[in-house]
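In what follows, structures are represented as structure tokens.
Consider the two complexes below, in which subunit A is the common component and subunit B and subunit C are the respective partners.
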Partner chain A sequence: MKKSLFAFILAAVLIISTGLVAAADLVDPLIVDIEGYGGTIGQYGGSMTVSGGTAGPKTFNPHRAAETSSSDVLGHVFEGLVTLDRETGQPQPQLARSWEISDDETEIIFHLRRGVQWHDGTEFTADDVVFTFDVIYDANVGSNARSGLLIDGQPMKVEKIDRYTVKFTLPRPHAPIMYSIGANIVPYHILGDAFEAGRYQEMWGLATDPREVVGTGAWRIASYRVDQELILERNPNYYEFDSAGNRLPYLDQVVFRYYQNTDTSVLAFFSGEFDYIEIPSTHFPEFLDREVSSRWSIISAGPDSGTRFIVFNQNPNAVPEPKLSWFSDVKFRQALAHALDKETILDMAMNGQGYILDGPINMRNEFFLKKDLKTYPYDLEKAAALLDEAGYRLGADGRRRDTQGNIIEFDLLTGAGSTLSQIVGELFQEDLAALGITLNFNMIDFNVLVDKLTSNFEWDAILIGLTGTFDPNGGSNTWLSSGNLHMWNPLQEEPYTEWEARIDEIWYAAQRAMNPEVRRELYYEFQDIVAEQVPLLYTVTNERSLAVGDHLKNGLPDAISGSLASAWNFIWIER
Partner chain B sequence: MQDTKQSLDHLEQPAVRSLWRMAWMKLKKNKMAIAGMWILIVLHLFSIFANFLVPYGETTSDRRRTYHPPTKVHFFTPEGKLTRPYIYNYRRVDAVRNRYEPDTSKAYPIQFFVRGEKYSVLGLFETDLHLFGVDSGAKIFLLGADRYGRDIFSRLAFGGRRSLFIGIIGLTISLSIGLVYGGVAGYFGGTVDNVMMRISEVIISIPSFYLLLALSAVLPIGMPSDLRFLMITVILAFIGWAGLARVIRGMVLSIRQSEFVTAAQAIGCSQFRIIVRHILPNTMSYVIVNATLSIPSFILSESGLSFIGVGIQHPLASWGNMLSEALNLSSLTRYPWLLVPGFMIFITVLCYSFFGDGLRDALDPRTRV
Partner chain C sequence: MFRYIVRRFFYMIPMLLGISSLSFLIMQLAPGDFLTAMQMNPDISAEVLEAMRARFWLDKPAYMQYLKWLSQLLRFDMGHSFLWHAPVSWVIGQRIPNTLLLSGISTVIAWLIALPIGIHSAVKQYSWSDRVLTFFTFVGVSIPNWFLGLLLLYVVTNMGWGLPIGGMTSVGFESFTTAQKVADVAKHMAIPVLVLSTGIMASLMRYMRSNVLEVLRQDFITTARAKGLKERVVIYKHAVRNAVNPLITLFGFQLGSILSGAALTEIVMNWPGIGSLMLTAVRGLDYYLVMGNLVIGGVMLIVGNLVADVLLAVSDPRIRFE
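The block that comes next holds the complex of A and B.
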């Protein structure tokens, strides 16, 4: 014990001294308070293998990445000016060492970290920041970050003050901007020419040698075999240090492996191929059974930030009568909300490992989450009574009709391949049948579903999920009546109903309010409106559980997403 | 004229009868074929009389009994005395792992001819009589329950209606088309034959599985599941007849040279009558064997389609869509009773093969008793 401790100190001293030589130019290191997060100072070396899911990146270009399979990897290679704190979810320094907000809240000045190197050794400067925002604001690039960085459709003005200082000018105060401003910074010295020539979109596709993909992050891509294996290697010049002065990250490399099917990934984990895995909720019992005699442990990481819901189409331009009248009738939606057996869904789809969803706010964001919302517990008698009351009466043939005598029958679509969606749909179908309503439930190709939702608008009801953002403002495109994901009646020029108008008002007010308490009051009112109007019938969300190898130290899921990815920089392997 | 024909028919009859009798005697000697036949008869009867024979309805679910294991039937009292069969009610003791344990405090004897769920017999009258069941408070799941707490034993019977009879319906359609088409092409020969055979080749070359995938995608969503099932059967049949037609045509080509055909032509029988009465019966032995052996392919097609979710739709049962619940590793290892429908498909296909093989040997005139 003593001997190993001595060796450890010796190693640490050696590393610090070598580290200091290499970091001679680094003026502003970032000290990570690992102990503060509940971790320990680690040892160097080793390789970690993780499951990357079913498919790998489709591009190496962070502003061309549209799917999580790409951004999951690129998020380790590229960084933003700020990042969200893994515990509080608040903006904290990353490539910027500090910032100042002017009194009128329309100017933000970022002081950049000096001496940060791109992976090829070039220094990171203000030019890269200005260039990156030019790229993001160019509509032809199609960056995912763009919509979150527009304020009333206007871009911010981004100016270089000096080599290490950048000024952002906002068209108006916009409180949530700090949550989206941490977009991935890309190198001007490599991509600048291509961008000016209008060829940015072609850069850094999969044909590029991964070693030419240059970021500032703790990891750089060493190799990639498409949809099979991707290797990230340690950035030896990274600017983060632990409190003992060791340069991070500890690990030498991280390997992503991709398997076509979740079952295979689970088997690979059981055979020891992966160092940790996120447990698919359908497989939870198997993990529980095996945990006792295994060299790994199950960690619960709280609710998933995603939501899953049933939405009824209320688009007057797309839905024919009488369906439009049913779906736009709040009493109809409220009654049907009582017919959703969330407890059973939780039990059947997730073995009870999950949470019932009642509203639109990310369950992990306790600050904004309202606890005493109006809820719609499963109660078929109540649902029947509400339908009767609203004029939807049961006929002698056991089928329910509206006041004009139309038989109530409609289609529910969902994406194929999700067990959860299948269970929700099938139970809902059965319960509506008990109410005398015929629901035709069908699972279709996911892309066809998205196409219906966002461009041809021809559907009755859809069961789909959205990934959550930590800050409520991330739901702008869903909740603003002009949003493209305002699914029940998208892209409105003027709010169609009173309650939608009120949500728009709340939304803009919350964007202007810099005081969190004021924002909270506004979002509370928003949650009440949504609970009353039920545009979306919320279902359940799963508990995020991880199985983490016992040799893996500092495997700490973060509070904002329950993922282990933000701990990679300080995970270490015990020998 | 009339007299001659009658006597000709009369002359034919005894020969045919003795051929069938001989075939039956040969078939009876083939133990495997007979066993297959009996199992198939039992399976079909089980499905036809599903309402009466099984304790629960096709879509009856109990959400608190998800993945209920097969109920153990006891014949002896705890003291070891033989008694009438009884079961215990099962309680879920571990919701995460779906673990159930019998509650031995109360025994539920299995009752025969009990009142249960209502069903209608051929749409004529309603009854609620079931062969067996237990008092409410307990549930009897002989083969366990699926995710929605539905009795797999009951669903096997109802699913068999679709999975077993799809073959018979489909075969009837494809046989009728194939026989007539092949008969006509073979009898007339020449240009007619040439054109008809090219058409059948076109149909043979259609990749049927992909056609079905495409078709089931365009069938309207609101279409009742049973109608959808019928559509799929009909489509399967309409692309399945061509192979049969080709063989029939070959046989007819050789049969039409025979003396009895010439004789029938000489006495002025109509061409349709010659094909149907004189030529096609001579292909019967081949047709019967072919039919028996091609029923399994219909069953497997239906199972395949339902397995990937484009055949019979939830909540109606077919063996294929029941089996699709066992698609992932987790349910396979934890709830092995979900595989029973696969076992049923296996047994059925095997029995049809044994029976078909037996028939072929029996109907082969070159073998003797």
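The block that comes next holds the complex of A and C.
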């Protein structure tokens, strides 16, 4: 009797204590709605090999990483308080379980997820958050996250309320902050001393043993042979679960392989080395030919968020007359917009695998994208009529002159090495020639081009691209008249024209508008102004296509960027 | 001889100064700097760029950057790589063994094959075997390494020989046993070594052939033959011994270019060596990484020449140092 009672008590204690351990372990799990994303509950195990591009990380320190080759890897090892939902692009809980915004919209209180462990087993707390923002705001560190987190040049105040609560105080309401506040959180218990000693920059360079690089993410770095191969292994204590209660991620490891030459990585995919690859647009026909007889399929992942455009220099301090008058004449710009044959560019440069760009908003951001914009379809007759109407008349010698009788001739520059730019430039040259305008198209060293754009300002027209951001506010440097990438007339002290002044107003109003509908109305007006004024002649952007092995399940490109990287936590391999 | 070597080392100083200052100047003439491309990134503010420019000393005039670098070099510090956020010596140190492995094995193979067939061709001049070998060496001399590399890659992919297309290791290398690791690297080296060694071999064989031919025409060979020496002794003891001197000079040059000579092959074959690193560094205007590479290259060239001179003295009793 005594014995059995003892056994009973022992069993009860065991059950309760294991229950407690499990509970402490899973205080705050994050359930990922994989089925909601169109996926399936997976099986554990297996390794996935992906192409890491032409070079690997240059540092393991997320606030020292300036290049995508580093952030592509570190984005899986480190996480922010919030992340952007893979379908809507809206801020979603990550390391923060929830948050509250005060009525005056200047205070955000984050409630942190409890029981989250750093890869070394230490618990993640409010100290790590406060520390991370100290690091980011330190100008000497030079974190890429810094400029997005400054509001009118001012930092936010970040205070620890208790172990699991952090309060952010903003200098003024700033709607886009939730899109940049998800900066990678770094561990105080490891980097704190180095930061206080002013040695943060030296930490976690490539000479560090990758196992000492500690994040909270679903993956940790197992090994790295520089520019050859990097292995991420599964974090066995990760806090994300599928709806059936299985801890994520499913895969044991992800291997990045690097090839200096894109053609070689395509060959490597065909030889079966990679489980999936993003198809370089020049190789698309080859993939199409091979798809039928292969064990992989091509998935379309929507438009690339980068833009490419022609810009005319309207800088009164740099462009001589009569060019300045032409370029600052909106009728001249509108007429030339009709002379840009985007359909043909799409066919010639991208085998039709792309999208026509008509405006400044990222095509993936459905919420802010205005559909009924004024566009300038390719129509040389209309272009000629508009030019005639504005006083740019065709002479008997077949050349067009302005009202003062100056022959219209100018230079278009672009960076050497891009086939797309070459095709755009040559087509535009031909079409303008048909209008009696001489365009001298030149491809120059990219650094020279940047130098012209940002410091000596002496150019007529430039064809160039910019990487896109999801939230419209990411275009601040381009659209604010004081911006350094406001290419047609940068770094203005006062807005030079009325429409630029209006865009400035809209921009600041949109930053303060916490209500998304209000923001949308403002950005709609902004898009209309840009469509009317055509400071930039938008061209085309390519379609992102992926070739994904048929054995790979849940290989779902996200809506924000069209990449598979955000699906790694629930990709699984069928055996 | 010791004094001679010490003196040669002192000669190195002005030469390295010349090499480094000239290359630094040329690099400064290239448009823009390391940070220029970042100016087009909407995520990086002008303020952060200014801070970086100041930290890297890129806002200072070129001569000050050079003097700073030089003073660091005197303390055996080659500076920091912008691109890698790491000391140049560490970045280069990562790559040197890979390049040495590739170039070293290719050079040894090339010499081991080129010398005997060069001698053979000379002794059996105008025989059918000489003609066949001559044909192949002409082909070897005229095909550029990078082209041969691409050609072989194409053949390998389409023939399904199971050879890897570039790189140095396979997926899962970390978990291999030592024997598997050696076999894996060897498999990856097959094509690059073939490419590099044919290039070296072809010209080496031509040199050896013409040197031996020239010596064979000399009077002392006729004398040796007249003395009734065996033909084998005439060739190997007298002819080859004398024909080899110009090749020692060549050997010195090759020693000097052992780190840089494989650059194009490395890039085409995706070999993680010094050559492909140098390309990235030059394109990214990573000044100190380029300078570090050049200084090491310069030292290797000078040391290679010195070794050749010393070897020449050892092999040829007519040469004296004083």
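Following the convention adopted for this analysis, the second predicted complex is superposed on the first by the 545 of 575 C-alpha atoms of A that agree within 3 Å, B and C clash if a C-alpha of one lies under 4 Å from a C-alpha of the other, contacts with A are read in each partner's own complex, and residues count from 1 in each chain.
In the analysis below, contacts are C-beta pairs under 8 Å (C-beta built on N, C-alpha and C of every residue); 3 or more make two chains touch, one makes a residue touch a chain.
For clarity, every value in this text was computed on a predicted model and none was experimentally measured.
Peer 1: Taking subunit A as the common reference for superposition, should the pair subunit B and subunit C be classed as clashing or as fitting?
Peer 2: Fit.
Peer 1: Once the structures are superposed on A, label A:271 by its partner contacts, choosing first (subunit B), second (subunit C), both or neither.
Peer 2: Only subunit C; A:271 stays clear of subunit B.
Peer 1: Return first, second, both or neither, reflecting whether A:553 touches subunit B, subunit C, both chains, or no partner chain.
Peer 2: neither
Peer 1: Touching A:66, do we find subunit B (first), subunit C (second), both, or neither?
Peer 2: Only subunit C is touched by A:66; subunit B is not.
Peer 1: Just subunit B (first), just subunit C (second), both, or neither: which does A:113 touch?
Peer 2: neither
Peer 1: Determine, under the contact definition given at the top, whether A:308 touches first (subunit B), second (subunit C), both, or neither.
Peer 2: Neither partner.
Peer 1: For A:443, decide between first (touching subunit B), second (touching subunit C), both and neither.
Peer 2: A:443 contacts subunit B only, not subunit C.
Peer 1: Of the partners subunit B and subunit C, which touch A:333 in the superposed model: first, second, both, neither?
Peer 2: neither
Peer 1: Of the partners subunit B and subunit C, which touch A:220 in the superposed model: first, second, both, neither?
Peer 2: Neither partner.
Peer 1: Look at the residues of subunit A and decide whether subunit B or subunit C touches more of them.
Peer 2: C
Peer 1: Least CA distance subunit B-subunit C after superposition, rounded to whole Å?
Peer 2: It is 9 Å, taken between the nearest C-alpha atoms.
Peer 1: Indicate the residue numbers of subunit A shared between its subunit B interface and its subunit C interface, in ascending order.
Peer 2: The overlap between the subunit B and subunit C interfaces on subunit A comprises residues 267.
Peer 1: Which positions of subunit B touch subunit A when the two form their complex?
Peer 2: Residues 59, 61, 63, 66, 95-98, 147-148, 221-222, 309, 313-315, 328-330, 333-334.
Peer 1: Within their complex, state which residues of subunit A touch subunit C.
Peer 2: Against subunit C, the touching part of subunit A is residues 49, 55, 58-59, 61, 64, 66, 139-140, 142, 144, 146-148, 201, 205-207, 222-223, 225-229, 231, 255, 257, 259-261, 264, 267-268, 270-271, 273, 445-448, 450-451, 453-454, 464, 466-467, 469, 474-478, 484-485.
Peer 1: Would you mind writing out the residues of subunit C in touch with subunit A in their complex?
Peer 2: Spelled out, the residues of subunit C in touch with subunit A are 30-33, 36-48, 51-52, 55, 83-86, 90, 94, 153, 157, 165-169, 171-174, 267-268, 270, 272, 276, 280, 285.
Peer 1: Can you check the complex and tell me which residues of subunit A touch subunit B?
Peer 2: Answer in residue numbers: 262-263, 266-267, 282-286, 288-289, 341, 344, 347-348, 351-353, 409, 411, 413, 416, 419, 423, 426-427, 429-430, 440-443.
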